[in-house]
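Here come two complexes built around subunit A, the first alongside subunit B, the second alongside subunit C.
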Partner chain A sequence: MRAYLTVFRMRLRMELQYRGAMIGGILCQMFFGIVLVALYRALYAGHPQSVPIAHVTTYVWLQQAFFRMMLATDPDLLDKIRTGDISYDLCRPVDLYGFYYARIGAQKLMGSLMRGIPMLVVAALLPYGWGILPPASPAALFAALAALLLGLLCMCALENITMAFTMRTLDPRGIQSMLNLLMVTFSGNLLPLTLFPDSWQRVIRLLPYAQLLDAPIRLYTGDAPLSEALWILTAQGIWATVLILLGMALWNANRKRMILQGG
Partner chain B sequence: MNTFKLYIRSMGMLLRSHLQYPSSFLLQTLAQLVMEGGEMLMVILVVDRFETLGHWSGGNLFFFFGMMSVSFYLTEFFGRGVTGDFPSMVRSGRLDTFLVRPRGILTQVLCGGMDPRRITCIAVGAASLILGSRLSAVVWTPLKVLALAESILMGCLLILGLFLIEACFCIHSVKSVELVNALTYGGRSACQYPIDIYPHPLRILFSTVAPFALTLHVPAAYILGSPLYGWPLWTVYVTPLSGALIFAIMTAVFHRGIRYYRSTGS
Partner chain C sequence: MRISWPAGGHITVSTRASLNEGDQSVSYIEVRDLKKTFTVRKKREKGQFFRQKDLVTALDGVSFSVGKGELVGYIGPNGAGKSTTVKILSGILTPESGSVRVGGRIPWEARREHVRHIGVVFGQRSQLWWDVPILDSYSLLKDIYRIPTGDYEARLKELTQALQLEPLLRTPLRLLSLGQRMRAELCGSLLHRPELLFLDEPTIGLDAVSKLSLREFLRWENKENGTTILLTTHDMEDIAALCSRVMVLGHGRKLFDGKLPDLLEQYDTVRTVSVRYEGSAPALQLPPGVTLSAEDGSLSADGELRLNYAPAQMPTAQLLALLQEAGTIREMTLQPENIDHLIAAMYREMDL
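Then we have the complex of A and B:
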């Protein structure tokens, strides 16, 4: 266990290095956030919905702030798969899956915190109906934080499943773009899940993608009441376990039939 | 061989090289179809829930989305050298080889890349355009067809011009600059909906610095029968020229910038 924690810590420090690129990234992400908020405000102007606009803008900002958590891959691992350097990792006295799970976990956590916190601070300063609302209650905030943590576990597990496919096909572009599309669509990044047709929502909420950011955000805004919190967290926990087990099985299967590149 | 012929030749060669791996090409093209289909699905869902946006009907929204999609992906299809490959040309030193050849640099960059996988994105955009024009019951006249053609052409030039901004930063700092994405991809996301729904700062940005509103929305609104801001007919044919203007300015800046180009060396 200590080995994985060390990998995690090293990766955290690594993420802290690229601050210049980070500022550009934050500004760009904020711009996208403002455009989306302006669009939803215009849509709401003539057609008020059951979900208040302030909840939708909160949803948009939280999605933008933690965007990095969803779409971040481990560039080193991709290179290693392509060049065959992954053979060195096979020699390490740690479990390969756990090693990369810890790495991607640190990358996603630090990457999104570093970008997310400044963005949320700015979004909190925006006027009502443009920015982010405070959490529904202190308890809702805690529930949302717990859900975010479970969401992170799901996200890393999903990332490792994508990587398992990459190990087989060597070309990450096809499978990655498909899975990313599923992710941005059904996680509520392109359009808040609360605005999907009501009949779709019941199904989409059960998919693993809804566990990533949608579940924590709904707990935060209070769209999901605290009485449902336990049920939501359990569903997330089940998905995290299933996805991790599935990923491990895929990685182990890959290990048995791995053909190394290079020479 | 004149420049245009050279460009057509290069496109032919690139197309053949892309088709060398038919199954991979087919899969990636399908992936593009699913991706752009997903984007369109979002518009469908928005129309399903909200029905109208300001004074624009759902059909109008499909039309605006189609205009943006077709222009953006036509640019990516034929101008991949500028919109996608340029940073790697700088990083890998491929740009150096362009400098010693007796042709314009921008010509060579444009001849150096194409992305035929985008054909499905263009198809989705065209489908959305047709659907939008049907739903909005547009009566097509030669004048309207001319407006549409001019608008899409100028839209392409505008998008090329905006990507040239990124290219200029890239010459300077070797790394591509994420912030410019706010104008290019951000402009695409924002301006696939009509401009007059946005607050003034965004309207000004997309009418001056990145004038998608002038190249795409003014003609589109005319075609849909409700001229933007009630502007007179001649504006429909004049304002899109701003796309060519931005392209001309950025070409000049690009050529100035290339003088300061220092190879990455290797």
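Then we have the complex of A and C:
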């Protein structure tokens, strides 16, 4: 267990070194946030929707703030697979899945906190209808934080599945761009899931992607009442378990058929 | 009279190589009839619907055993199956058939238990973290191998002293030179006191000084801690300086297993000796097996006599005595063939 914690800690510290990337990420995500907010305001000016605009802008800001949790892969890990440095990790008395899970988790957690916290502070200063609303209630905030943690677990599991596929194809780009398209669409990053037609929402909410950020955000805004919190957290927990088990199975299958190319 | 030895002095090889004789009574690694094939998919030819698949045999029934504390060199041309063997022995790859026992364990079945006892250095890969000080990478290894703190500190001190790493411990890996990096990698692989160390081309790309100090360190580690070392390399100097035993692999088969001098003797076909006499060269009756180097059978322009001879036919000592009898020798140079040439000749003969 120590080893997994140490690799988690080391990756956290390493992520802290990349401050330039952090500033770049914040600027980029702020830009996208403002463009999206302006877009939805224009949409609402013509056709007001059932969801209040302040909820939509809150949704957009939270999505942007934790964007790094979703779309960020560890380039070192992909390089290891491509160049074969992974052979060293195979010579360690650790479970590879768990080892990489800890690494990915640290990167996503630290990366999104470094970007998310400053962004949320700025977004909170924006006027009503542009910025982010405070949480529906203190209890809602706690429920949202718990859901965010479970979302992170799902996210790392998904990432590890991508890694497992990369070990087969040696190039992550194909599988990544396909999965990323699914992810930005069904996680509510492209369009808040609350704006999808109700019948669609019922299906999309069942997908793993809705567990990542949509679930915590809905708990935060109160869009999902606290009475539903337990149900939402359970669904997330089930998905996290399923995804982790699937990833482990893929990794184990890979180990058996693995070839390390070149001398 | 002055006998000048050529640089490198390959003649002394035999005495140096017998320095570290392992305890062969207990065999630590047992490999029996190991086989491994890889599927290589080729580019699809025009007019064919499916890609062609080729089966490449990397190992075709290799057997050997290595005793505890032995220092064994494992050589062969590129693609002979050396790295494949190392990967199987370290539990990364699973072979098609054959049995392997390392310290009583089957590497690919008890992987996690097995790798606790081995250390690996892949000369062309890196195990340390690129962006963090190497000391941090080491403390991660400490937790991975669950090394007790006291033991870890003692071992780290011992290794950093032997490898002269102290001033570099707080430097990120990316700032180290290749030689420094290799020393750092070696330290990382030995922190948990492995019983067995695999070195896959450890001296690749290193300068002469780094190579020499690396070899010295490996000899020290082998002697001091009794670590069994299996070394694959293309650098024959590594083998000559370190290994009491050498195995030659080619086309997935083991072709030779024994002492380096014995291997060299088999392929040491032609040597050259140049002699310069006081005054004019005496007329020599050349014994069988000895010929003049120059094609027209004349002495070289500056009065130097160059002879080729086969050591198997005409022992060196006997020839030297013969030359000395013929006149007063002013200068003499013995030119044994370079080890690389010998190995190349051997590969040619074995049709590799």
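Everything that follows uses one rule, which is that the second predicted complex is superposed on the first by the 263 of 263 C-alpha atoms of A that agree within 3 Å, B and C clash if a C-alpha of one lies under 4 Å from a C-alpha of the other, contacts with A are read in each partner's own complex, and residues count from 1 in each chain.
Just so it is clear, a contact is a pair of C-beta atoms (placed from the backbone, for glycine too) under 8 Å apart; a residue touches a chain by one contact, two chains touch by 3 or more.
Treat the numbers as computed from the prediction; the structure is a model and nothing was measured.
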item	value
First, second, both or neither for A:Leu39, with subunit B first and subunit C second	first
Subunit B versus subunit C as contact partner of A:Tyr128, first or second or both or neither	neither
First (subunit B), second (subunit C), both or neither touched by A:Arg13	second
First, second, both or neither for A:Leu27, with subunit B first and subunit C second	first
Subunit B versus subunit C as contact partner of A:Leu90, first or second or both or neither	second
First, second, both or neither for A:Leu195, with subunit B first and subunit C second	first
Residue ranges of subunit C touching subunit A (in the complex, touch as defined)	38, 78, 83, 87, 90-94, 111-113, 115-116, 118, 120, 122, 124-127, 129-132, 136, 139-140, 143-146, 200-201
Sites on subunit A touched by subunit B in the complex	21, 24-25, 27-28, 31-32, 34-36, 38-39, 42-47, 49, 171, 173-174, 177-178, 181, 184-185, 190-191, 195-197
Sites on subunit B touched by subunit A in the complex	24, 27-28, 31, 34-35, 38-39, 41-42, 45-46, 48-54, 175, 177-179, 181-182, 186, 189-190, 193, 197-199, 202
Residues of subunit A defined as touching subunit C within the complex	2-3, 5-7, 10, 13-14, 17, 76, 83-85, 87-88, 90-95, 256, 258-260, 263
